[in-house]
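The following pair of complexes shares a single chain, chain A, combined with chain B in the former and chain C in the latter.
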Partner chain A sequence: MKVTFPHMGNIYIAAKALMDGLGVEYVIPPFTNKAALEIGSLHSPEEICLPFKIMIGNYMQAIEQGADTVILTGSCGPCRFGEYCEMQMNLMKRLGHNLDFIVLDVPLDIGAKELLNRIGKVSGASTKTKAQKLKAAVDAFKVMHLIDDIEAKARFLTGYEATKGAFKRLLNSCKAEAMNCKTPEEMLKLLYDYRSRLDKVKTDKNKKPIKIAIIGEIYTIIEPFSNLYIEDKLMDYGVSTKKTLTPSWWYKNLVLSPLKLNQLEIKRKARDYLPLGIGGHARECIGEAVLAHDEGFDGAIQIFPMGCMPEIVSKAILPKISREKDFPIMTLVVDEMTGEAGYVTRIEAFVDLLERRKNNVLSGC
Partner chain B sequence: MIVGIPKGLLYCRYQSFLDTFFYELGAEIITSPDTNKEILNAGVKYCIDEACLPVKIYHGHVASIKDKCDMIAIPRIMQLREREFICPKFCGLPEMVVSSIPDMPRTTMAPIYAMSKDRLYAWAKKTGSMVTHDTGRIKRALDSAIHEQQRFKGGIKDEGFRLNIALTGHPYNLYDSFINMNIVKKLNKLGVGVITEEYADESIIDDQVKKLYKKPFWSFARNSYGFAVHSAQSKAVDGIIYISSFACGIDSVVIELIKDKTDDFPFMVIKLDEHTGEAGLDTRVEAFVDMLERTR
Partner chain C sequence: MYYLGVDVGSVSTDLALIDKDMNLIDSLYLRTKGRPINAIQEGLKLLKDKNSNMEIAAAGTTGSGRHIASTIIGADIIKNEITAHAVAALEIDRDVKTILEIGGQDSKIIILRNGVVTDFAMNTVCAAGTGSFLDRQAERLEIPIEEFGDYALKANTSVRIAGRCAVFAESDMIHKQQLGYNDSEIIRGLCEAMVRNYLNNVGKGKEIVPKVFFQGGVAANKGIKAAFENALGFEVIVPKNHGMMGAIGAAIIARDAVAKTGRTKFKGFDLTDSKLVSTSFECDGCSNKCEVVRINENENIIGYLGDRCGKWSNKIAI
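Moving on, here comes the complex of A and B:
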């Protein structure tokens, strides 16, 4: 068995730690790239959303490197993500690839026993003891939190950095070095080390950088290729960014949702505009927009793939928030045709707008 | 108190329920006209561009009556059956509308969970209190509304045609003849009879759905899927036409799932948006019928 999984932001780093810990063979698909998108779009139904297409591209490229088993999380909700597995299995079969799919689902839908059964399929391939397996899982979650944490900090502090590009360089080398680690322990040590190094980067607390919250559909927020590396671009402009939706958030949300402990703050903030969960992460999107305003951010950028049902609802609601709170929000809809040039122009124009607004306020006119 | 009821989206299916409920509460009811060109245009004007045609048209229906009533009933249907959902756009419909159309009267906001009478009553209490404070009356209104709804059958089953097709898709695409440009009449004229999922057995649908690896969890998708796959496999009809709208995420999945299970059984998908021309549609329908004639 050689396991692979679709890319979604930093998940590959945690997955590496997990598989290394379990001693299971795995393939990390090449970072999502143009070719992956192209083969993915070629084979996928035309009207399916972008994440589906990119994921197919990930599988195809992983197969070339010998992968035969895909791990997929299909969470149930009134959104297409839950249907992905069925369709992707059919599609890959039709293309003549005999892939095994292990779908990790929320227990209520498949039954706890079946879930353990499915997890067992992966850990069964591991020769480690039970305690070692457990440790591998715990380490992987730690990795996920650490890397998300480091990334969030680096992106937010960028606006305050004394030397331009310092945080970006640190973040990039952190990710690159993490992939060279041989064991989860080594990786954890590295990540802790990087986290403390973040605090030593020289910052200028008197700076008043532009601050933008990234909101919208979770996949297109998390997977940088799909949003044309918007966070990196904003880093280059010296803009501080924040996103709440990250892989570790997602995990927490899935696990905690039966207890309804999760995301109280965001739900509270969304109440005036969208009091109920409608599927996908539309309510989070609305709540985060309000939250970003309350926290003194200068604006928000909503990103979602074309045809994304829940985010279309948010998009209809966001202008109301923008009007009532005098808070600029821009929407970027991405699909396989998104042209880099037009996209960059829009981001730049938005940053300009925020800068102008800020200067006006500062100069008191 | 005048209650406005827009005739878009699932009104075609829950008309008896909505009309009866508000009538029994003692409200005066106005409905929007059947979908027409002005309604479409108003919908396109107010609704965000990315939305699907039925949602745009719904906005048009609301716009056409918003100034003529004291409140508008916008059903927020969250769930029809346990562990099943419907499109996010239904769940967020009231917010979409009030955020997009200016100067709206009061609107109903309470969610509808139709799995049990108790949960329906929760909706009725909130919604009914916008019209009357008489809780006994609200209870009775809900009872009559449920009663009327249960008598509603809907659906199409033509008899006596040589060729027959299964017509499937979301109800508002099937039963709004403006949206689908009178497709049923067109087919009948070409000598083709139409049957819809209302005439399929629940158990047939369940059977088909159970064969999926994972249960589909959209109530309407479930019906379209089970009905289409059964019609193809049992050869109960000569072909299947699926009426869909662009930018419908649910259809994009269901159509794939159907295609996967029906091999080369004649299957045509008609996708609609505000730019769809009638001439093009006619040609496609005729070509499909020709093909059915030939392969028969």
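Moving on, here comes the complex of A and C:
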């Protein structure tokens, strides 16, 4: 068995730690690139959303390297993501690839027994002892949290950095070095080391950077290729960014949701505008917009793939928040286009807008 | 002491030369024809020939080709066209509250309050509300685009044409032609369809209040201006240099930037005699496989564009 998985932000780092710990053979697909998108759009249904196409591209490129099993998270939630696993299984079969899909889903939907059964498929391929397997899982979760933590911190502190590009350089080298680690222990040590190194980067606390919250559909805000590397671009402009939705957030949300204890604050913030979950992460998007305003952010950018139903609903609600709270929100819809000109224009103009607003307010004091 | 603004758009490349009192000394409108380097070089040559002995104190670029333009001329600032348009409009009138801008491939709306941009929007995936669409239809009707507006004003009634999509608008228009409507009625219908599409699409959810400026190449079209005034119910002002606003804005921002830095990076007019060649290659440094463009001036490499990590263009942080 040679396992692979679709890319989504930093998940590949945690997946590497897990598979190394389990001693299971795996393939990390090449980082999502134009070729993956081209392959994906060639085979996918025309009107499906962008994540589907990119994921198919990831599988195909992983197959070239010998992958035969795909691990994927499922969702019976009311958006098209719920259909991804079934559709992708069919599609890959039709293309003549005999892939084994292991779809991990919440016990509420598939039953605890079935979940254990599916996990057993992966861990069965490992020759390690039960205790070692458990440790591998725990280490992988730690890695996920750490890398999400490091990334969030680096992106937020960028606005305060004394030397331009210091945080970006640190973040990039952290990710690159993590991939050279042979064991999960080595990787954890590296990540702890990088996390403390973040605190040593010289910052200027007197700076008043532009702060932007990235909100919207989870895949397109996490997978950098799909949003044309918006966070890296904003880092280059010296803008501090924050995004709440991350793989580790997603996991926490999943565990807490049966108890209805998940993301209480976001739900509370969203109540005035969207009191119901309508699928996807629409309610989170609304809640985060309000939260970002309350936390003193200068603006928010909503990103979603074309045709994303939940986010279309939140897009229609955001202007009201924007008006009532005097809080600029820009929406970017991403699709197969890789031409960046129009996209960069919007981002630059939005940053300009926030900057000028800020200066204007200050001059009025 | 003059300030130069270069706006490299999809359809046209505009160059504006302003003096320190913000008077437009000279302006050029050239077709980009998909070859921005040639257009910029040609533009500079024409400017040089017309105005001898001028000294450029600052240069700025804008438009979708602003990065390549900056590499070539050595710009002090590279600014997006939304900010450039807003700055140019505010220079004319501090009270402007809305800017409608329709160019060749894109259309924008900019909302300003108290002299600050507070909101903006650009057309998304569809080009139905842009100059290219009108160009295409003018061609089909065999009417010069310059006379398009006059035709629209001649009509007493208008024909309703679906403006949602350029392709469907065209078939709708053909259908109406077959029914026997005359050219001016059809053209007025087209103008109204385009305005309707613009307001429903780009202007959706935006509060459009006077003073409204109408800028961009399409503002020359009287039919569209009239259709806007009809739909909005108040006067729409077309500034004198409506087609040059992007370039003027870039020049103004460049002037302000140089006032801070003290000296310009502008390379001078000698480059009109240089041989500029661009070649592209696929970088194989990582799986991104960026298509990198290299620009040579004579024998020297003057810049790289298109690499994401900055390995070639020496942007910050790899």
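As a convention for this text, the second predicted complex is superposed on the first by the 363 of 365 C-alpha atoms of A that agree within 3 Å, B and C clash if a C-alpha of one lies under 4 Å from a C-alpha of the other, contacts with A are read in each partner's own complex, and residues count from 1 in each chain.
As a working rule, a contact is a pair of C-beta atoms (placed from the backbone, for glycine too) under 8 Å apart; a residue touches a chain by one contact, two chains touch by 3 or more.
As the structure is a computational prediction, the values presented were derived from the model and not from experiment.
Once both complexes are superposed on chain A, the partners chain B and chain C fit side by side without clashing.
In the superposition on chain A, A:Phe156 makes contact with neither chain B nor chain C.
Looking at the shared chain after the overlay, A:Tyr237 reaches neither chain B nor chain C.
Of the two partner chains placed around the shared chain by superposition, chain B is the only one that A:Pro45 touches, whereas chain C remains out of contact. When the shared chain is aligned, chain C comes close enough to touch A:Ala341, but chain B does not. Centred on chain A, the angle reaching out to chain B and chain C in the chain A superposition, using CA centres, is 80 degrees in steps of 10. In the superposed model, A:Phe141 makes contact with neither chain B nor chain C.
Contacts of A:Gly307 after superposition on the shared chain: chain B is touched, whereas chain C is not. Counting residues of chain A touched by each partner, chain B versus chain C, the larger count belongs to B.
Once the two complexes are laid over each other on the shared chain, residue contacts for A:Gly280 go to chain B alone; chain C is not touched. Remark: least CA distance from chain B to chain C after fitting both complexes onto chain A is 5 Å. For the contact definition in use here, the residues of chain A common to its chain B contact set and its chain C contact set are 306, 319, 333. Within the complex formed with chain B, the residues of chain A that make contact are 45, 47-49, 74, 76-80, 82-83, 85-87, 89-90, 94, 103, 105, 109, 273-280, 282, 306-310, 312-313, 315-317, 319-320, 333.
Residue ranges on chain B touching chain A, taken from their complex, read 47-48, 50-51, 76, 78, 83, 85-89, 91-92, 95-96, 98-100, 109, 111, 212-218, 246-253, 255-257, 260. Across the complex, chain C is touched by residues 30-31, 33-35, 164-165, 168-169, 172, 229, 232, 235-236, 306, 319, 322, 328, 333, 335, 337, 341-342, 344-346, 348-350, 352-353, 356-357, 360 of chain A. Contact residues on chain C toward chain A in their complex (touch as defined above): 64, 79-83, 106, 114-120, 122, 124-125, 205, 286-289, 308, 315-318.
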